[in-house]
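Below are structures written as C-alpha cells.
Both complexes below contain chain A, partnered by chain B and then by chain C.
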Partner chain A sequence: MNFVEVMIAKKYALAVMAVFYDSLSLPIVERGASLALYIRTHPDILSFLQVSAINDDEKRAGLMSLIERYELPNCMQQLVDLLLVDKRTFLFAGILQAIYTLYLERQHIMSFTITSSHLLSESAVYSIQKFLARNTGNTIIYMCIVDPTLIAGVRLANTTLFWEHSVARQLRDAQNILV
Partner chain B sequence: MEMKSTDLVALFEQSLRGIPQDKLEAIGIVIQVGDAMCRVHGLDQAVFGEFVEFEGGNKGIIFQLDEGVVSIFLLYNSISVAELEVVKRTGSVFKTPVGAQLIGRVIDVVGHPLDGLGALSIEGYMPIEAPIAGIIERSPVNESLETGILAIDALVPIGKGQRELIIGNRGTGKTAIALDTILHQVGKNVFCIYVSIGQRQATLARTVQRLELNGALEYTAVVSAQPSQTVLNQYLAPYVGSTMAEYLRSKGKDVLIVYDDMNNHAIAFREMSLLLRRAPGREAYPGDVFYLHSRLLERAGKLAAGGSITALPIVQVQSDDITAYIPTNLISITDGQIFLDTQLFNQGVRPAVSAELSVSRVAGAAQTRAIKQVTRALRLELAQYQELLDFAQFGTELDEISMQRLARGERVMELLKQPQYVTYNFVDQTLMLFLLRESFLDAIQVKQVNAFATQFVSYVKSVYQAVYDTIYTTQTLSDEVRNQLAEMAREFSKLFVPPSV
Partner chain C sequence: MVISESLISIIFRGINTFMVVVCAVYAFNKYALVRIKQAMDKKEQELINLRLQGTRLGLEIKKIELQIKKEEDNVVHMQEKILKWREVVDAMHKVQIGNQKSSLFNMRVRQATKKAHIHSAYMQKQAAPDAISQARALLKEHFQSPHVAQQYITDIIVFMQASKQ
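The block that comes next holds the complex of A and B.
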C-alpha cells in the first residue's frame, strides 16, 4: 500500500471505530490484525480484491468467508459492503491493521516485540513488562522473539519506542564511531 | 547450553539493574527508501529539521512531517539504509564544527577533513540555522573590502558586510574574480571561506592548489560538497560555510565568504523538493526557493560590535540571460551584482566586467576616498563610449569630440584589463586611475596603456616612496599630492619606454 492508501485506510478505520467501538474488543482486533497479515502475505487474495473484472458478489463471498473464519463481528460485514460500493475492497487488510493500531491507542495499550539472544524466563519477561509499563504509562502486550544475532542482551521495540542493551548494539555503536 | 543460557539471562538482569532505565528512545521504522531519502513511520515527536541517526550508521535530517510519516534526507550514500531499520531522534538540529583552527583546512559538510592533514581541531559545534543579527546589532556598510581588481574597485566597489552577486555565463571568469579577491586579502586580517557546491573534484583540487601556491590557505577555509555525495550535502554546504563565518564574526573578525555556485544549490533544493512531492513552480523550483537564498544571504552583514561577513555568491546564467528565475531572485536579494559579459570576454577583456549591467548598491559609501576622487566620471565615460561604439559600427562619420570620447573609452577599457592572479592595492589603483583622470594616458598608444600605468606605479613606489606612503596612510589625494603626482607623471612620460612586442 502506498501512503495515500494508508491514509484512506486510516480514515475508514476511524469511521469504524466511531460507529462500532462498543462491539470491538482486544481479541477481536487482534484477530483482525491476524487476518490483515494473512491477506498481505497472500498476494493472490490481494489480486482477487484488486481486479475489477471479478464480480462484487464473488469478492463479498470471499471476504465474508474470511470474516467468518476469523470470527470477526458483524460490523466487518458492513465495512465490506461499504468497500464494495466504494470499489476499495483492496484496502480491507489496511483498514483491519489501522483498526488494531487505533484500538490499542485508545485503550492505552502498547504492543512491544521483545527480542532476546536466548529464551527469557517468565520472571525476566515480567520484569521487562513492568519496566515498559512504568516508562510508557500504558498496558503492555508483547511478543517474544529469540534472535541469536544480538549475541547477548535484549531489545525492546515497537514502532515508536526502543530500548536495547545488547552486545550487538555495543558492537554496532563501536563500528559507527570507528568506521 | 541450557546452563549457558540461564547464565546470560542472569547476567543481563544484573546488567539491567546497573543502567538507567528511564531511557526509552523515540524511534521510527523505515518504510520506504529512495534516492538519498527515506520515509519513516513513527518519530511522532520529531520536529522539522531534526537530525536523526539510523541504526546502520547513516544519518539524516527530517525535511517533511506528514501524518504518521516523516521524510528524511540522508547524509551518506556509502551507508545503506534498509527497510524496517530503526531510526532514532537526536533531539538536536544539524550542527557543524566551528573554530579559528578550521582556517587552512579543506573539509566536507559533516566536518571530515579532505586535505589529509589529520584530525580537525575545533572550538565547538554550532547549529547551521540560527537567528540572524537584527537591525539594531548591524552597522551600515561603510568600509571598503578591496578585491584588488581595478574594474571592480573602481566601478562596483564592495564594502565589508555587503552581498555582491557574481553573475555570468559559463567560463566567463566568475570563480576567477572570487579567487582573485581571496588572494588579495593576504595581510589584510580578513578570513576567507570558499564554499564549493557541486563542483567537480578536479576543479576544487585546482582551486585549493592555487590558494596554497599563493599562500592564501593560511587565512582561507574550504567547505566542499561534491556532486558524488548525496543531495543533502549540497543543500547544507552554504549554511555550513555561513555558520563557520558567523562564528568568526562573533569573535570580531572580518570574513569573506564565496558560494560557488548558487545554481547548484538551487538545483539540489529543487531535487529535494521534487522528491518530497512539493508542488513545482517556475522552472520546476519550489515556491520557497527565494527564502532558501534570502535566509542564507541575510546572514552576511557588518555588526556594530565588530566583525563582518561579506558574501560573494556566484550564479551561472545561460546565454547571458539574467532574467532567469534564480539569477533574478539573487539579484533582488543581494546588494548589487558584477555581471561578466561573454562578448567582452571573447574580445579579450579580462575581467569581462560589464559596466552597464554591474552595480553596487553600496557604491561610494564603501569606496576608499582616494579612489572615489579619481573615479567620479568613469562610469559616464564608459557609458558614452559604449553608446558611441555601437553608433560607430555603422560606419558613421563622427565629430571630433565623439572621436576623442571613443579614444578615451578605448584607453579606459584597456586600463581595466587585468591578468588573473595579479591584484592591485588601492594606492596602485589610485595612481592608475589618476593617470586616466588627468589625461596622461591620452597620448599613449592603446596597447601600451597597461604597461604605462603599471610602470608608473612602480616608478612612484620606488622613486617617490614618501608620496606613495602618504596616499596609503591618508587614503586621500590632497591638492598637494595631486600636484606632485602630476609632476611625476610628466616626468615618467619622458622616461617611459614602451615594451617591445
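The block that comes next holds the complex of A and C.
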C-alpha cells in the first residue's frame, strides 16, 4: 500500500470507529489485525480484490467468509458493502490494520513485542509489562518471542518505540564504533 | 790742424767702428743668426709640440676622468643591482625553504593520513570484524549456560523494576 492508500484506509477506519466504536473490543480488533496480516501475506487475495472484472458478489462472498472465519462483527459486513460500492475492497486489510491502531490509541493501549534470548518466566514478563506501562503511561499488550540471536537479553519493540538491552546489541554497538 | 786731425781720426775711428760693426753684423747674420733662428724655431716647434701634447694629455685625462666617473657610476649601479639580486635571491631562498618545509609537512600529513587509512581499513576489514566475531563466539559460549543467561535477564528485570519513569 502506498501513502495515499494508507491515508484513505485511515479515513475509512475513522468512520468505522465513529459509527461502530461500541461494538468493537480488543479481541475483535486483534482478530481484525490477524485477518489483515493474513490478506497481506496472501497476494492472491489482494489480486482477487483488485481485479475489476471479478463480480462484486464474488468479492463480497469471499470477504464475508473471511469475516466469519475470524469472527468479526456485523459492522465489518457493512464496511465491505461500502467498499464494494466505492470499488475499494483492496483497502480492506489496510482499514482493519488502521482500526486496530486507532482502537489501541483510543483505549490507551500499546502493543509490544517482547523478544528474549531465553524463555521468560511469568513474573519477568509481568515486570516488563509494568516497566512499559510505567514508561509509556498506557496499558500494555504484548507478544513474547524467543530469539537466540540476542545471545542474552531482552528487546521491547512496537511500531514507534524500541528498547533493547542484550549482548547482541552491545556487540552491534561495538561494531558500529569500530567499523 | 790738430782739431782737424783729431776730427778726421774720430771720423775714421767712427768709420772703422762702423765697418767693424757692419762686418760683425754681417758675420753674425751670415753665420750665427741662421743657426740661432733654426735653434729657436726648433725650440719653438718643440714647445708647440709639447703644448699640443699637453693639450692632448689634458683631453685624455679628462676622457679618462669621465671614463672613471662612468665606471664608478657603473660600479654603483652594479652594486645596487647586486643588492637587489641578493634580496631577490634571499626572498626566493626563503620561499624555497618555506615550500620545502610546507611540502615536508604535507608529506608527513599525507603519510600520517595514509597510515591512519591503512589502519582504519585494516580495522574495518579484518581486525574489528575478527574481534567482534571472536567476542560473539566467546559470549555465545559464556551465555550458553541457561543459568548465566537467566541471571543476565534477571539483572535486566531488576533494573526495570528499579527504574522510575
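In the analysis below, the second predicted complex is superposed on the first by the 179 of 179 C-alpha atoms of A that agree within 3 Å, B and C clash if a C-alpha of one lies under 4 Å from a C-alpha of the other, contacts with A are read in each partner's own complex, and residues count from 1 in each chain.
We adopt the following convention: a contact is a pair of C-beta atoms (placed from the backbone, for glycine too) under 8 Å apart; a residue touches a chain by one contact, two chains touch by 3 or more.
Predicted model, so just to flag it, every value in this text is computed and none were measured.
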Worksheet item: Is A:H118 touching the first partner chain B, the second partner chain C, both, or neither of them?
Response: both
Practice prompt. Kindly classify A:F131 by the partners it touches after superposition: chain B alone (first), chain C alone (second), both, or neither?
Written response: both
Worksheet item: With both structures placed on chain A, which of the two partners, chain B or chain C, ends up touching more residues of chain A?
Response: B
Worksheet item: With the two structures laid over each other on chain A, which partner does A:L171 touch: chain B (first), chain C (second), both, or neither?
Response: second
Discussion item. On the A-aligned overlay, A:Y21 touches which partner chain: chain B = first, chain C = second, or both, or neither?
Written reply: neither
Discussion item. Going by the contact rule set out at the top, does A:T159 touch chain B (first), chain C (second), both, or neither?
Written reply: first
Fill in: Common interface positions of chain A, toward chain B and toward chain C
116-118, 120, 124, 127, 131, 135, 152-154, 165, 175, 179
Item to complete: Enumerate the contact residues on chain C facing chain A in the complex.
Response: 123-124, 127-129, 131-132, 135-136, 139-140, 143, 146, 148-150, 152-154, 156-157, 159-161, 163-165
Worksheet item: In their complex, what parts of chain B are in touch with chain A?
Response: 4-6, 8-9, 11-13, 15-16, 19, 21-29, 39, 41-44, 55, 57, 66-69, 86, 88
Item to complete: Please name which positions on chain A make contact with chain B in the complex.
Response: 3, 6-7, 10, 116-121, 124, 127, 131-132, 135-136, 152-154, 156-157, 159-163, 165, 172, 175-176, 179
Worksheet item: Given the complex with chain C, which residues does chain A contribute to the contact?
Response: 116-118, 120, 124, 127-128, 130-131, 134-135, 137, 151-154, 165, 167, 171, 174-175, 178-179
